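One chain, subunit A, links the two complexes that follow: it is found with subunit B in the first and with subunit C in the second.
The block that comes next holds the complex of A and B.
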């Protein structure tokens, strides 16, 4: 028990790295996902096709393989990066594909008449998105997106395999010293659970709140 | 950019990838079978149970869904044998983990499937004089199965991809084979090109096949 207390500052730093990786991934993928998502729905067909192929390929590959491809494969092609950024890049690719699908679903749920109405009052494309489509689509987008943040946090545990000392790797290193796997894995599971359960509860709460919207 | 692709070494060790792919599929199939059993039993129990049982089932579902799979894999393989008196190899341990994992996702699938069975069907069953057990087996479950088929095939595809995590405890599935070739031949780009294509082709082939099955059994609502 005292060994666990002794390890807590070390685990705290691991948790910080886990949250840092997740935060960067979530921020980057939100920006790229919305951009490509809009490209998928409203872009000319070559753009839409490219985004569709990107999304379907990324979602068809296990995250772990994606991480190995970026970490081992990209340096061979002249793209050198630290294990931290390789992990961030791989997880961002995975999350971006996910966000693209959320955006597609959210925008797809807005009746066509909204876009036509916005056109008829003379709004340009960016204003149509900004004032008409996005304010409505965001209510459809937010619950699954927040729930999807848990996927980034769970996926970030795989970066431990690249030697990044996140929460998962910190736990493994403490076990390497203490030889007490069970209490530490349970502690780790509890920490992940506390974070992710809060997020998924928030997602469910928002979903209920927005449930007055119908198709 | 002086990289020259050379697939010779990949083909020489292709048995590692092919055998790995077959093992990945096997792991996914066994796990979804056991997981479906767990999910079905718990879902049927959940809809008719009192508050305490519901809370316990919900705790299991929420715990599994909110913890990274890799941690569960370590927990079962390295942790559990130190706490209770069991011994198993990595493959058995992983099947156990993935089955429990699949079970947690399938409880939710089956529970909402059971609730989606139209009330009228159950009333009709009652009117025909079927016992509660007959209503469950002959009325509720067949309709539920047809309703949940799309969610089941999505879960199966996810599980197939999740089998890659088994490589961390040295289960010789596809990702492990790729890592083995990566470290012993250093044809890194080539091995990941081939591995990625294998995952994509297999995944989409299964998806396409299952969509045909779904179309055949679709419920008109």
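The block that comes next holds the complex of A and C.
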């Protein structure tokens, strides 16, 4: 117990890295996923095809393999990066492919007539998205996306495989010194759970907030 | 080529794949005129209206509003699709009211009307709301300005749809079977609004199955069959024309059979 207390600052830094990796991955994948998702739904066919191939390929590879491909493969292409950024890039690619599919599903659930109503009053494409399509699609997008954020936080534990000292790796290192795996793994499990439970509560709250839109 | 017609459609052709839906349609509407298109289902009426608002591209012929070609510009002998901003500006000149309303469900009635005023006509918020309230009042919905579409009846929603279109002060209003999705008892309130607009001199091109309404509200009736204009007549000569046009006669007979 004493040893665990002693390890807390170290674990705290691990948690910080876990949250940092998750935040970067979530933010980047949200931006890229919405951009590519719109390209998939509304883009000219070459763009849509490229996004479709990207998404299908990425989602067809286990995330673990993806991480090693980026970490070992990219330097061979002359792209050197630290294990931190290699891990972040791999997780971002994976998450982006998921966001693309959430966006496609959410936009696809909006009736065609909405776009046409917006066209008929003379709105340009970006305004049609911003004022008509996105405000309605966000309601379908949020629940799976927040679910995906919790996946990203859990999935970020994989960066420990590249030696990045996130929460998971910090726990492993403390166990390496104390030889007391159970209390530490339980503590780790509790921290991941606490973060993700608050996120899913937030998701339920948001769902209620958007429920005024009728189908 | 100068033309005194506000809307001038010449030799309009449109195919979906191999299926030619419009075959050399000629049609014109003058300022202040109300023209009604009737015809059997599948004859291309909706497609025609959608082409005028460029919700649908077309393959041949031309559509001009005030002399400007809709959707395309001529680049020497080449016909090119207009850019996004250009298309949007042209669409704002033609109001469209849809069979399925297509109101924005996340916005109130007033916000539905204000959106185009704000983003396209660049009106400040207060002025946009004043205009919206004015038009909602004109369609009898001043008291529903802050209701969401989901809280309104079908007839009320369609009247918001009309207010949204006319608030943009379009040169021409296109109405595609705007009462077809309504319960019979709600049809009257919507047609009354259309009749009022016609009285105010709004130029309209409409598709309807309400033959009696078409007869007393329009200046000309166009009968379409198989993607072609089969007859154009003043309303009081519809019956006379039917005597000479087999397809028109059989089309109209279906209505008189169910009119009681």
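The working rule: the second predicted complex is superposed on the first by the 206 of 215 C-alpha atoms of A that agree within 3 Å, B and C clash if a C-alpha of one lies under 4 Å from a C-alpha of the other, contacts with A are read in each partner's own complex, and residues count from 1 in each chain.
The rule is simple: contacts are C-beta pairs under 8 Å (C-beta built on N, C-alpha and C of every residue); 3 or more make two chains touch, one makes a residue touch a chain.
These numbers come from a predicted model, not from an experiment.
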Inset, instruction - Have a look at subunit B and subunit C on subunit A after the superposition and call it: clash or fit. - result: fit
Inset, instruction - Classify the contacts of A:79 with the two partner chains as first (subunit B alone), second (subunit C alone), both, or neither. - result: neither
Legend entry - Contacts of A:117 with subunit B and subunit C, given as first, second, both or neither: second
Legend entry - subunit A residues touched - subunit C or subunit B, whichever exceeds: B
Inset, instruction - Check whether A:136 is in contact with subunit B, with subunit C, with both or with neither, and answer first, second, both or neither. - result: second
Inset, instruction - Could you tell me if A:125 is touching subunit B, subunit C, both of them or neither one (first, second, both, neither)? - result: second
Legend entry - subunit A as apex of subunit B and subunit C, Cα-centre angle in degrees (nearest 10): 110
Legend entry - Partner chain in contact with A:150 - subunit B first, subunit C second, else both or neither: first
Inset, instruction - Name the contact category of A:193: first (subunit B only), second (subunit C only), both, or neither. - result: first
Legend entry - Overlay on chain A, subunit C to subunit B nearest C-alpha distance, Å: 26
Legend entry - Residues of subunit A at both interfaces, subunit B in one complex, subunit C in the other: none
Legend entry - Touching residues (chain side subunit A, partner subunit C) in the complex: 111, 113-114, 116-125, 127, 131-132, 135-136, 212-214
Legend entry - Residues of subunit A that touch subunit B when the two form their complex: 57, 60-65, 68-69, 72-73, 76-78, 150, 153-158, 160-161, 168, 171-172, 175, 180-182, 185-186, 188-189, 192-193, 196-197, 200
Inset, instruction - Over in the complex, which subunit B residues touch subunit A? Could you list them? - result: 1, 3, 62-63, 65-72, 74-75, 78-80, 82-83, 161-165, 167-168, 175, 178-179, 182, 188-189, 192, 195-196, 199-200, 203-204
Legend entry - Touching residues on subunit C, where the partner in the complex is subunit A: 53, 55, 84-85, 88-96, 98, 100-106, 115-116, 119-120, 148, 150, 164-165, 168
